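The structures come next, written out as structure tokens.
Same chain, two partners: chain A is paired with chain B first, then with chain C.
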Partner chain A sequence: MNLFTPLSWNDAGFILTGILNTVYISVIAIVVGSLLGLLIGFIRAESNKTVNVFLGAVLDVLRSVPLIIQLILFSTFIGVMGFPLPPFVTGSIILSLYTMAFMSEVFRSGFNSVPVSMVKASRSLGMNYLQTVRYIRIPIGMRAVFPSWIGVALSVIKDSALVSVIGYMELLRTAEQLISRTQQPLMILIGVGLFYFMISYPLSRYGKYIERKMEI
Partner chain B sequence: MDNYEFHWNVVFDAFPQLLTGAFTTVHVSVLSMLVGIIIAVLLALGKMSETKVFYHIANIWIEIARNTPALFLIYMAYFGLGAYGIHLSPYVSVFSALVFINAGYLAETFRGGFQSIPKTQYSAAKSLGMNNIKVYRYIILPQMFRRIYHPMTNQFVWSILMSSLGILVGMNELSGETQRLQSTSFRTLEFFMVAAVMYYVITKLVLLAADLIAKKVFKGEIS
Partner chain C sequence: MIEIKGVHKSFGDLEVLKGIDLTVNRGEVVSIIGASGSGKSTLLYCINAIESINKGNIIVDGIDVHDKKTDINALRQNLGMVFQQWNSFPHLTVLENAALAPQVVKGFSKEKAEEIATKELKHVGLGDKLHEYPTKMSGGQQQRLAIARALAMEPPYMLFDEVTSALDPELVGEVLDTLRLLRDDGMTMICVTHEIAFAKEVSDKVAFFHEGLIEEIGTPQEVLDNPQKERTQQFLSKVL
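Up next is the complex of A and B:
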């Protein structure tokens, strides 16, 4: 009797689900994380030292505890509280917060990179505070940190593989299940690796290209 | 929350095991960092070399390390190499994956640091009568080390955090040990809370030590 069945074309749909799930959760984490990070980064660039130290300490926890521990801890915690959520929601929340912690640093340095004279000039042109933020500080500050933003986004795509620990069926987990059924680890893993590489490599090249263009 | 009772005693009883796990975490990250640095120097030299073969080997290594998830590389070492009959223990597979990634990232750091030193520094040292060894020993490498010091500490912290992936291949570092302990006692929340605190403390201690060393070595003139 043979316990293992070889890889077949029927598995293509299964792998595709994994790919789509990886893309979904990465996109959600990057979008939500960037928006929250923009807000937090702005608050940190604007506020005084006391608020900054407090915010920094909170964000630091998110960066100093491994993502995998955060995921397990949070999903256990909400289970204990009596509000168990599906793995997708739990994963999105934690991955977004994790992204936010990194993005807020990126955006904060973006806001700080806008010269004060430029802000003053825009105020003297009759813009109010919000207009200065909307038309001067966000466009100019964010352009300066765009390469770093790409770097963080890439690391989020790669870290999204960790959401598999709480049971979300992303690419690496589908691969793992296929491996335990087919016992063909090498072929499946190389395919998975190629997929990540094909997303990540062009983006990182693009980031480097932009960086070089901005230096000149 | 009202119907959950925390049982900390189990965790306190298991604290020595957690500390052993933490030691393994630090151990594997330090070791992977040291080996990673050695390979990274070779890769950086390869990436800057004129010989096409060295350049391509270094380039492929660096790009794979930078553009694939750490978990994928750990699985590759643990399950993938098994297909060739090479069965690595969990420790060795996590270690080799970390070495692979550290080498890839650090190689780019080293190359960037080296290229950020102006060529004029080299010429000036030469014109003062220094030979090649002295130029590198006294002029180029000290300046370079200052610039790559912070990226290197960041990479070290990253290694500590990423060694937590050992939990998925059954390695007995801090998170793997936590997983094992909670599976026999069912105090998942308590155990992982303690593990999170321990990771936080370890990273903070590493950063503190790095700052102290930087103050001592660079005497406050770190860029």
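Up next is the complex of A and C:
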């Protein structure tokens, strides 16, 4: 009996599921991480030193501890506590928090880049605090840091590969399974690398396009 | 009417305003002159509550600006302000810059806000720039945009804080022309300015500030042509 079977067209659906799962968890992490990051970044830009030292410490932990360790620790922890969650949920939570930690710094510097005089000008027109945040500080600040935002989003797509360690069937784990069946690691990993490129490249191009459009 | 009564303002240990009394009637143009650091700009900031005050009152049409119960955002709609730096909103077109506050603050429809904004932009000579982005315009044009943006709120009072100081000399004229236009419209204006000749031409009253106090106040002829106080004379001899 042949233990190993070569890659065939029958694997296409399996690979596609892996690709979609990578896209799926990346989009969730980028969206949730950006929204939370916007909120935390705003709080940090508005807060005094005490709040910032505390928040900074929490975010530093999230940013400094390797993602793979966070994933394993968290999934083991909730397992031990008796609340095991599906790998997709665990992965989404940790990847979103990890993304939030980076996004909050991006957005904080965005908020800080809006000149105080710009805020005074909008307040002098009668806009209240929240209106100024909504119509002036967010749009101007976020434009300033858009390139950094794209950078974080791109790295999240690549980092999502690590969620494979807790058993989520994303692109890399799909590839690993195919490798163990076919024993063709080189070809499969090149293929998977290409897929990551194909997911990331349009986002990178889109970022460039928006940047150019905003330069007017 | 804007009534300023015994206003004191300190930044930490530094007392910038040491008891200012000034009344500005509807339709009047009042210019404030004086050396840097004399408190001129600070007074404007206090009038629309961008800065708090330590003592005294500022009353605008019977409303105490610094009373905690005053709805400051509602009051600011009556006090248009233009700064030394024009602070155009870079993410919005010229038209959107001027239409934003009427829409957001007054709750006007987009059409109505843009109609008012267009009218004011045409008034300051920017009718052909409506759909451009302000970052592409000159400082003089952006400053006129800032004036139109404030006017679009249709305030009865306008406060000008050294609006020509940050401009290249060749662009000062167009902004001063815009201010003359407003004077001719009968707008009530307080202008903090270094343009003595302009102050002389447009003002009903000129106030000379010195170290946080009004040293001398009167008609342009009184203060600028025949200053009585020695400090006013010294200041004018330096700037003229």
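We adopt the following convention: the second predicted complex is superposed on the first by the 200 of 216 C-alpha atoms of A that agree within 3 Å, B and C clash if a C-alpha of one lies under 4 Å from a C-alpha of the other, contacts with A are read in each partner's own complex, and residues count from 1 in each chain.
In this section, contacts are C-beta pairs under 8 Å (C-beta built on N, C-alpha and C of every residue); 3 or more make two chains touch, one makes a residue touch a chain.
Keep in mind it's a predicted model, so treat the numbers as computed, not measured.
Novice: Decide which partner touches more residues of chain A, taking chain B and chain C as the two options.
Specialist: Comparing touch counts on chain A for chain B and chain C gives B.
Novice: For A:118, using the defined touch cut-off, is the partner it touches chain B, chain C, both, or neither? Pick first, second, both or neither.
Specialist: second
Novice: Looking at A:131, would you say it contacts chain B, chain C, both, or neither? Reply first, second, both or neither.
Specialist: Only chain C; A:131 stays clear of chain B.
Novice: Can A:140 be said to touch chain B (first), chain C (second), both, or neither?
Specialist: second
Novice: Classify the contacts of A:56 with the two partner chains as first (chain B alone), second (chain C alone), both, or neither.
Specialist: Neither partner.
Novice: In the superposed arrangement, which partner chain does A:200 touch: chain B (first), chain C (second), both, or neither?
Specialist: first
Novice: After superposition on the shared chain, which partner residues are touched by A:165: those of chain B (first), chain C (second), both, or neither?
Specialist: first
Novice: Between chain B (first) and chain C (second), which, if any, makes contact with A:86: first, second, both or neither?
Specialist: Once the two structures are laid over each other on A, A:86 reaches no partner at all.
Novice: If I apply the document's touch criterion, which positions on chain A are contacted by chain B in one structure and by chain C in the other?
Specialist: Looking at chain A, the two contact sets are disjoint.
Novice: Which residues of chain B touch chain A once you look at their complex with the stated criterion?
Specialist: Those in contact with chain A are residues 1, 3-4, 63-64, 66-72, 75-76, 79-80, 82-84, 157, 161-162, 164-165, 167-168, 175, 188-189, 192-193, 195-196, 199-200, 203-204.
Novice: Using the touch rule from the top, collect the residues of chain A that touch chain B in their complex.
Specialist: Those residues of chain A that touch chain B are 61, 64-70, 72-73, 76-77, 80-82, 154, 158-159, 161-162, 164-165, 172, 175-176, 179, 184-186, 189-190, 192-193, 196-197, 200-201, 204.
Novice: Which residues of chain C touch chain A once you look at their complex with the stated criterion?
Specialist: 48, 50, 73-74, 76-77, 79-81, 83, 85, 87, 89-91, 100-101, 104-105, 133, 135-136, 146, 149-150, 153
Novice: Hey, which residues of chain A end up touching chain C in the complex?
Specialist: Touch residues, chain A against chain C: 115, 117-118, 120-128, 131, 135-136, 139-140, 143, 216.
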